[in-house]
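Read from first to last, the chains carry the letters A, B, C and D; within each, the first residue is number 1.
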Amino acid sequence: MAQITYREALNQALREELDRDERVFIMGKEVGYFGGAFKVTEGLLAIYGEKRVRDTPNSDLTIVGAGIGAAMGGLKPIVELTTIDSDLLAMDQIVNAAAKIHYVSGGKANVPLVIRAPQSQSLEAYFLHAPGLRVFVPAMPADAKGLLKTAIRLADPVIFFEHESLYGVKGEVSDDPDFAIPMGKAKVVREGKDVTIVAYSKSVYDAVSAAEMLAHSAIDAEVIDLRTLNPLDMTTVVESVKKTGRAIVAYQGWRTGGAGAEIAAQIHEAAFDSLDAPVARVASLDTPMPYGQHREIMALPSVAAIVKVAQRLI
Amino acid sequence: MAQITYREALNQALREELDRDERVFIMGKEVGYFGGAFKVTEGLLAIYGEKRVRDTPNSDLTIVGAGIGAAMGGLKPIVELTTIDSDLLAMDQIVNAAAKIHYVSGGKANVPLVIRAPQSQSLEAYFLHAPGLRVFVPAMPADAKGLLKTAIRLADPVIFFEHESLYGVKGEVSDDPDFAIPMGKAKVVREGKDVTIVAYSKSVYDAVSAAEMLAHSAIDAEVIDLRTLNPLDMTTVVESVKKTGRAIVAYQGWRTGGAGAEIAAQIHEAAFDSLDAPVARVASLDTPMPYGQHREIMALPSVAAIVKVAQRLI
Amino acid sequence: MDKHTLDESQLLELFRRMTLLRRFEEKIAGLYVRGKITGHVDLYGGEEAVGVGAICALDLKDYVVSTYRQYGHCLAKCAAPRAVMAELFGKQTGISHGRDGAMHTVDPNLHFIGAIGAGGLPIATGLALAVQYQEGPEVVFCIFGDTALSQGAFHEALNLASIWKLPIVFICENNFYGMGTFIDNSVCQEELYRFAEPYKMPGVRVDGMDVVEVYIAAKNALSLARAGEGPSLIEAVTYRFRGASMSNPAEDRAVREERIWRERDPIMNLRRRLLGEHGVAEATLDRIDHEVDASIDDAVKFAEESPEPPLDTLGKTVYASDH
Amino acid sequence: MDKHTLDESQLLELFRRMTLLRRFEEKIAGLYVRGKITGHVDLYGGEEAVGVGAICALDLKDYVVSTYRQYGHCLAKCAAPRAVMAELFGKQTGISHGRDGAMHTVDPNLHFIGAIGAGGLPIATGLALAVQYQEGPEVVFCIFGDTALSQGAFHEALNLASIWKLPIVFICENNFYGMGTFIDNSVCQEELYRFAEPYKMPGVRVDGMDVVEVYIAAKNALSLARAGEGPSLIEAVTYRFRGASMSNPAEDRAVREERIWRERDPIMNLRRRLLGEHGVAEATLDRIDHEVDASIDDAVKFAEESPEPPLDTLGKTVYASDH
């Protein structure tokens, strides 16, 4: 165990899986010589060479498509997309090809592709609405490492979201090369009895901070980190809500049509009789992201917003 | 007033707006010579000529982008996308450009673009999660005409979904060239007191059929046709749910992360104390669409499914 | 290599496979009209020389990535007519267990991937990368229609294949028509093979109605790719007898123009050549016709008698990790 | 037309605008380091001859659609330095009322659209369609980086512009580097102007470090477009002094290579030419330097003193139909 950053945890996962399986390779804009737009692949080119760490042109749709083809040809590709535009440019290949091929082939063909998607804008809701595609959203360095390893070993296509603000966050991470985190298992990161805060990715940190602040006003919040959105571990969430009777979903995406809507709908469906109040959502304003630090803070869900909503619920 | 099909209603709307405003023009794959993949633009090339009814190459991303540029240059473009792939191929231009330009320009620039999207697969949830973009989902021929005219006259970008199975549906449609339907006004298409069925696009027909069947077992269902998803008229929905105490959202899209999740979440948020049961969703199975008629029926939400859920709720 | 290297038995095999595609299609057109086959059925009649000429140049282990009208390509790649027909019927015995119909048949055993429109080009490129990465001897043939050239994916894929010198051959069926749009509304450059030049790969234009010419061009491109010399582009000029799909018959296509092309029917042409230049007996060709017809009748019977996929399996096989 | 047609006053104007871009950038680099400007700031130093040479060839009513490093292009299009600086500070007085920063400035009054990456090419094409449709005299200049050539949108846009003969000039700043990737990892064809040929439009390559050469090429392409002769492609070979953005300085770029390019600094070159060939007094150029510096200091002061946008307006102006 060592204290390393989220970025280093991802880098470790990549190294370990590159060591473990010759079929694993990485491709994307700037992943080689430059070490990745966010330096996640730093040092890998020097160790593994150009065959396994491949700089690609700026052709998002085609790089993802090539990942699909390579996966069907027996490899385990990891594609890094650099920007939010990239995710959307590649959407047709992700939703109409990667996610569907296993099904339309009658189960004959697999697409073991990992799409690493650093994100400043949170677009995970689009990919939650794409049957056949797994969606991973780790918040903690250990989960980043463990889930990336799981993603690489998986037979299904996975979109793996890395919130840009998390790369520098440190945490305890196992250096056991067999370490992996199973998908579809949410984690109770703080126990509490008054309200359940369901979060993922960056919002987990906000939720924990909010819970600490709420403790001062004698509100005991439970915080759940979903870790993956597909599979979605509603069992853990519903169990918690049945105990607390109140729930907040905190997420970085736009409020309307975001992943929080789905999670809230499922909580209502499964725990309606245990709820003392409707599930609340703390999310981004429904506006394009404005410019500037203080405005980002204004438009994005914040610790203060979670605290305020929790106090209102109780 | 005349009985015409949904397809004819759209065609009338296009003609009337082409007549009304010189800046209006249509472009898309096959919209001219061939009259559109679904014959919606039939006859328009002959009347309005190649300047205003433009066949384009098979370049979805760029045709939508060209629509954005043309709109910013003072025109009122109507772009027809032919397939579900088209919507996704053009996603970057729709979400990152069309929807955002008004905002990032500080309100200086407008993008009065209409994207007509015939759909066999229901992908509207993606576009509901894109602030800045209006989303229209008419079910009835009259609404198809009235809302398309509103869309064309609007200063904002609109994605206008036409469910392929509705083109042949007939209904009473006004031939007054000033006829238009305001956006953001849901319509109570059937009054009832026991349960509210919220639907849009093709599912409105299923909801009405289900309500008729439910009447036989003395369940009096109210059916609401949302007509537009952005703006979303929750006032009408919430008023109904406060009366009935029960709600079902019926939609053609995949269940998980679909528009129904958002609508359900908002009903819970606004009418929790009036609800006798959690809002139920009747939607498509979370699987790629299988092949064959009977399997389509199996995977899609059906009248029988709505009836069954309504009976369970009460 | 030139056309004289094809011996009589090879020519007969080309004839047999083209006949299979044509008769198969005629059969399913009838089944569609009678409502036995539903959904979207793309037709291929008239273009058989391209699919057959190209695919017959391959070894079984080589890959084909095809677009729309792919059951033709699928049959050319030696799929069992029974499995293809049963798939069109949506039956459990179909090549994709009835999940897919005919939209994007994917069969790893057959080394065949069907993909929609220009979306297949990136996937084919990735498949070629997998071959190169694993130092395999295989080559990927990626076959697509002319409208793909107006989609960015075509250009991105050629660029990537060129940079990495991948073992892939891009084969464009230029049939001059999309659903109703002439190519001059679609691509500013009607000599499509010219797009090879900026991507630094060989580009040739062949008569797509002449199966031998297609075969030779395909063999040449295959040899380059097999030898590690990288990708090529082949433009095969052809013509489809019907509209793009059964639900969009191009009724108004100029009758005269169609007659001219029909005179260039690739199957009739090969038939004439076999009877004339090669002195093949008419009975030999008739026997092939009958064998093909019998195999198609057998396939229809098989499909009709096959079970539907169990409805409760519909939500299954969405995730490989679930089973 | 050739370079001798530029008179001294025109050359001085080119010098003034290039100097403005350079000094403005040096100022904001300092402000970024001191935390006055946040977010993503793309730099342009070294490429001024392209933006200034091309945009000065235009009339005010002509359109510029630009990509990333666009505040340079925005200044070249005669935006007020105050409005651009205030935008970078995120202030209400900024060109986009502080909404945007510098990512995709859009100002209809200035006939300027900033768009991200290759996404700008389709939009520029549509703008040119609007001009043609309305029979306007305007021309659209669409300026983008070399990495756009590996994106499908580039090809789709050139194809569309060619089919419709639109009044647009595509100007590629080929600076040989993306964020860290050399062009040979990105486009198989390093002579980017060659992509004009399959799209049937004129294509030229110019020295992007020579503002006069860029200006002349732009004027020629402009004349064609203005005369209804359709689109052109200009490749301007250039070099950016820093990495792609302030948060990604390319520390490890070969120092030697950079020094060679720095010797070709477009501003120093024009300065030498003005002093030498044209006998302009050093004091004249120094005065321009000082005027530019004064205007930038004024812009910074203005930006610093300007109010923040009211936070409660944040959720507003998402929809034009709301107000």
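Everything below uses one rule, namely that a contact is a pair of C-beta atoms (placed from the backbone, for glycine too) under 8 Å apart; a residue touches a chain by one contact, two chains touch by 3 or more.
Because the structure is a prediction, the values reported are computed rather than measured.
Each chain's centre was taken as the mean of its CA atoms, and the one lying most distant from chain B is D. Centre-to-centre, using mean CA coordinates, chain C is 46 Å away from chain D. Averaged C-alpha coordinates put the centre of chain B at 40 Å from the centre of chain D.
The centroid of the Cα atoms in chain A and the matching centroid in chain B are 30 Å apart. Of all residues in chain D, those that touch two or more other chains are 98-100, 103, 116, 119, 150-153, 156, 159, 163, 185-187, 318. In chain B, 56-57, 59, 61-62, 85, 89, 92, 96, 100, 103-104, 131-132, 286-288, 290 are the positions where the chain touches two or more neighbouring chains simultaneously. Judged by the touch criterion defined above, the protein chains are all mutually in contact, each touching every other. Listing the residues of chain A that touch chain C in their complex gives 25, 51, 56-57, 59, 61-75, 77, 92-93, 96-97, 100-110, 112, 131-132, 134, 154-156.
Across the interface of their complex, chain D is touched by residues 150-156, 159, 162-163, 184-189, 194-195, 197-200 of chain C.
Across the complex, chain B is touched by residues 61, 84-85, 88-89, 91-92, 95-96, 99-100, 103-104, 125-126, 128-132, 230, 232, 253-254, 256-262, 264-265, 268-269, 272, 275, 277-281, 286-288, 290 of chain A. Those residues of chain D whose C-beta lies close enough to touch chain A in the complex are 38-39, 90, 98-103, 116-119, 147-148, 150-152, 178-182, 185-187, 248, 308-309, 311, 314-315, 318.
Residues 63, 65, 94-100, 103-109, 113, 115-116, 119, 121-131, 133-134, 152-153, 156-157, 159-160, 163, 317-321, 323 of chain D touch chain B in their complex.
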